[in-house]
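What follows is chain A paired twice: with chain B in the first complex and chain C in the second.
Take a look at the complex of A and B:
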């Protein structure tokens, strides 16, 4: 099936998400809450575009919009830029300290909305990627807490989590760097808990926290790693060379 | 109310260990203890083998669930449009003064919790106040001490 994005003909499968097709064809669409490993979040609305399936253009959320029929798409039309600017203006009220959002606001000429006072002081837009990352890839240590204007991301009872392994997956997927993660040479601190870092026994690169490595090892029924990937490969190659070499 | 693990275990074992029953179990605990004790949250997470965080999300989402002990008697004061127009704000102030607590709080003796709600569906009786399951309509400041007095334990002021 063929669709037209910004005048360019693109081939796609029925049911594919519009954002994927655009990106594959080198057409940029800005996103915040989209992460390839955790697709379908669809909560920030920054990726909106205009789609015409023959009945006039309509605004859709491209990261969760499955293509059903031939259509023409505009990702940067005047209307798209205006609506995206409004979405960004509102997100800025939610997360006034996010430099990324401030930058996007400049790019799309987002209105100031002086009548609205910022809902928050932080950087979090409550997209929920972090809680999904933790639940799906790690241990489910964090979740959304409360609702409405009081909604936030937190550990149970706002205490250092008993199950968090300090893997940092949550901080890594966060689009606005809202989750503080600090590291020293030996430790990593996140969600109010400090973890011991383990380094590669051969080259000294950081492998992760002790708890994180133990969890990974337990899941695949092995001993925790002591080497980084590069040194591990080198070691295997050495063994192979010893066995098969002359 | 004393929290004992046996009661918690009994509540949980009324249901199969499946996530879709978690809300029902939380509600049962709420009903029994007037709040959801932390022991109950942790026991439920263990029973369902699910992260505590997902239960915490649920317990903080629903207004009917509370993680702090509630009073023996729950006072719901309506501040919906009709009641508001008929002076519910004065009643709120009145109850707050009588009990020495703010809306959303529980009195120090554990007798009363005060909640503000938005329309109880009895606007003709505005302003409306509900204590536990009893409705009081056309409430006036003068009647407040008498209404609350019925719920005070014997020998209490």
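Take a look at the complex of A and C:
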């Protein structure tokens, strides 16, 4: 099937997400809450584009829009620029301290909207990726609490979580570096809790927190890892070499 | 001779003691050797709750209002035994005459009850009573039809969803029927989160079998074997009556393993709502039924295709489903004779606000707003000037006086920026501030938004801040344009229909009542005298007759003056602007002015 994006003909499969098709064809669309491993979020709305399937143009968000039929797509029409700019401007009011949001606002010409009061909560844009990541790992230490304008991301009762293993997946997926994660040589601190770090017995690289390794080991019914992946491969190669000779 | 006493035991009348009234009837009529045999039934809501408890005596066809336990003896003696009315309990019509039957009551006379056909006449959960009134005949007929034939009737009827969007029900059923993926599900949306709405509650409470029958017919058509009724958590009586109705229908072999003895099966169960307005949105509702957080998802693939557990699912509103048995029984073409070109059948409205008669009203589509408000509702309370009617729930719109002759149907309201919604209708008089009305709804929506997507969560927060500023005298001239800009973004970029339709209250008030916004912003004055930061009440000495009613009403005690014909004076420095004086004055002498010069 063929669709047209910004005048360019692009080949795609029915049901493919518009964002993927555009990117494959070198057409950039900004995203924030889109993560290839955690698809279907569709919450930030910055990836919006204009689609016309023959019944007039409409705004859709490209990261979750499945292509159903032939259509023409504009990723930078006047309407797209206006609404994307407004969405980014609203995100800047939500996350005034985020450099990434500020940068995107500049790049896409978001209006200043001085009349609107910024929320005083730092960098989080409430996209929900972090809670998704934590839930997909079956830990579920953080979640969104409250709804509507009072929504926030937190551990239960804002107390250090009893189930958090300190893996830092949430901080890694966060598009705006909103989750503080600090490390010393021995420890990692996240969500108000400090974890002991375990290092590779051979090369000394950080393997993860003890709780994280124990959880992973328990899930596959083995002893916790002591070597990093590279050293483990090297060790296996050594064993093979010893057995079969060089 | 046998008589029936129908005691209204809907939520409104229960609150006014109707259970005791029913008990008193039973007690007085039991065991004695009256010549008259008498059955006492507790029914669902008659829709006229402000005059409850209602009691109807058949076959005399006499309806009494505001009946209390102490009235029961007289009713038994005079009406039940002697067939004569108790005058003082009859309804007084607009001409001041007492009327016996509901057909003579101006509130009921113009109505046409289709969805509400049985309510008030039957015992809600009783399968016998429902069948005695023609219930489950349509289901029996549906068993002899193919899915295609059933869907054709629905298509011919022109029925459109009563839950708000007005989507053609036949089209939805056809999509589900044609998918060859199993299992499939039927679901009923009984979340009804609009403040002030109670049409779905009264159907679920008062005639649950009609909804079950509608669902069963849908299940036959699309070949589903399981279904859910998602009912708002606060609706305890509705949940109870529906569960009881399911149990009775299963015990009777109407639902369950063998629908009316056939080899088709349907298992229905009740799911209690998640307690948020947004849970009424179809994808959020389905997430909630599946046990997940009630947040919407992108609906680019419709829930008919990917509904409960990603299976084909038909979700219909309570009132939509209650219409289905009527369509099957009498044929789609017959149903399509009612209503307008593109909106068929009737619609139930909850008529509330500044109107003389409030309640639940069912009229054919296309009735005018004037008919609803003036003929059925009896006009504006206190004969004040009509200002606007808000239709369609929190994300509906406000329609001004010069549009009172608009026919009410899906498309007409939508074209004016309002919507039919689920049928809320709030009448406002000249003492309603339209900026404050917009602020109220935006506040509700900002609290009820799920907060998932940026435009809705952030946009509503800022819109609320701006509207609050305007109401409190901090509005700026550029605010109106900014509001419109935010409306555009919500409409275009929000994830679900809550955000997409949230601008309606702002847009319609900006469109039809812009002068009120401008008075707030430019003149620091609330023309309706509602926004306290912008209002000063002044007594017009030419109109004041010196009756002192305002003085007695003022909780702050700041009105001075005494003696007949001596105009009263308000000390504005100490006035708390509660408006009690204005409400109390019968000569319109208390006037709302701006606070300039204070």
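Keep in mind that, in the parts below, the second predicted complex is superposed on the first by the 244 of 246 C-alpha atoms of A that agree within 3 Å, B and C clash if a C-alpha of one lies under 4 Å from a C-alpha of the other, contacts with A are read in each partner's own complex, and residues count from 1 in each chain.
Note that in this section a residue touches a chain if its C-beta (ideal position, glycine included) is under 8 Å from a C-beta of that chain, and two chains touch if they have at least 3 such contacts.
It should be emphasised that the depicted structure is a prediction, and the values quoted were computed from it without experimental measurement.
Trainee: State whether A:157 touches chain B only (first), chain C only (second), both chains, or neither.
Mentor: Touch status of A:157: first partner only.
Trainee: Who wins on chain A residues touched, chain B or chain C?
Mentor: Partner with more touched residues of chain A: C.
Trainee: Looking at the overlay, does A:182 come into contact with chain B only (first), chain C only (second), both, or neither?
Mentor: The answer is neither, since A:182 touches no partner chain.
Trainee: Considering only the touch criterion stated at the top, classify A:116 as touching first (chain B), second (chain C), both, or neither.
Mentor: After superposition on chain A, A:116 lies in contact with chain C alone.
Trainee: If we overlay the two complexes on their shared chain A, which of chain B and chain C does A:93 touch? Say first, second, both or neither.
Mentor: After superposing on A, A:93 lies in contact with chain C but is clear of chain B.
Trainee: For A:2, select first, second, both or neither according to whether it touches chain B, chain C, the two together, or no partner.
Mentor: So A:2 meets neither chain B nor chain C here.
Trainee: Could you say whether A:147 touches chain B, chain C, both of them, or neither, answering first, second, both or neither?
Mentor: both
Trainee: Applying the document's definition of touch, where does A:135 land relative to chain B and chain C: first, second, both, or neither?
Mentor: first
Trainee: Per the contact definition in the header, classify A:43: touching chain B only (first), chain C only (second), both, or neither.
Mentor: Second partner only, chain C.
Trainee: Let me check the overlay on chain A: which residues of chain A are in contact with chain B and also with chain C?
Mentor: In chain A, residues 144, 146-147 are touched by chain B and also by chain C.
Trainee: Of all residues in chain A, which touch chain B in the complex?
Mentor: Contacts found on chain A: 131, 135, 139-147, 155-157, 161-163.
Trainee: Where on chain C is chain A touching in the complex?
Mentor: Those residues of chain C that touch chain A are 276, 278, 293, 297-298, 300-301, 446-455, 457-462, 464-466, 476, 478-479, 482, 485-486, 488-489, 492-495.
Trainee: What does chain B use to touch chain A in their complex?
Mentor: Per the stated touch rule, the residues are 38, 41, 50-57, 60-61, 67.
Trainee: Any idea which chain A residues touch chain C in the complex?
Mentor: For this pair, the touching residues of chain A are 40, 42-46, 48, 59-61, 64-66, 68, 79, 82-83, 86-87, 90-91, 93-94, 113, 115-117, 119, 125-126, 128, 144, 146-151.
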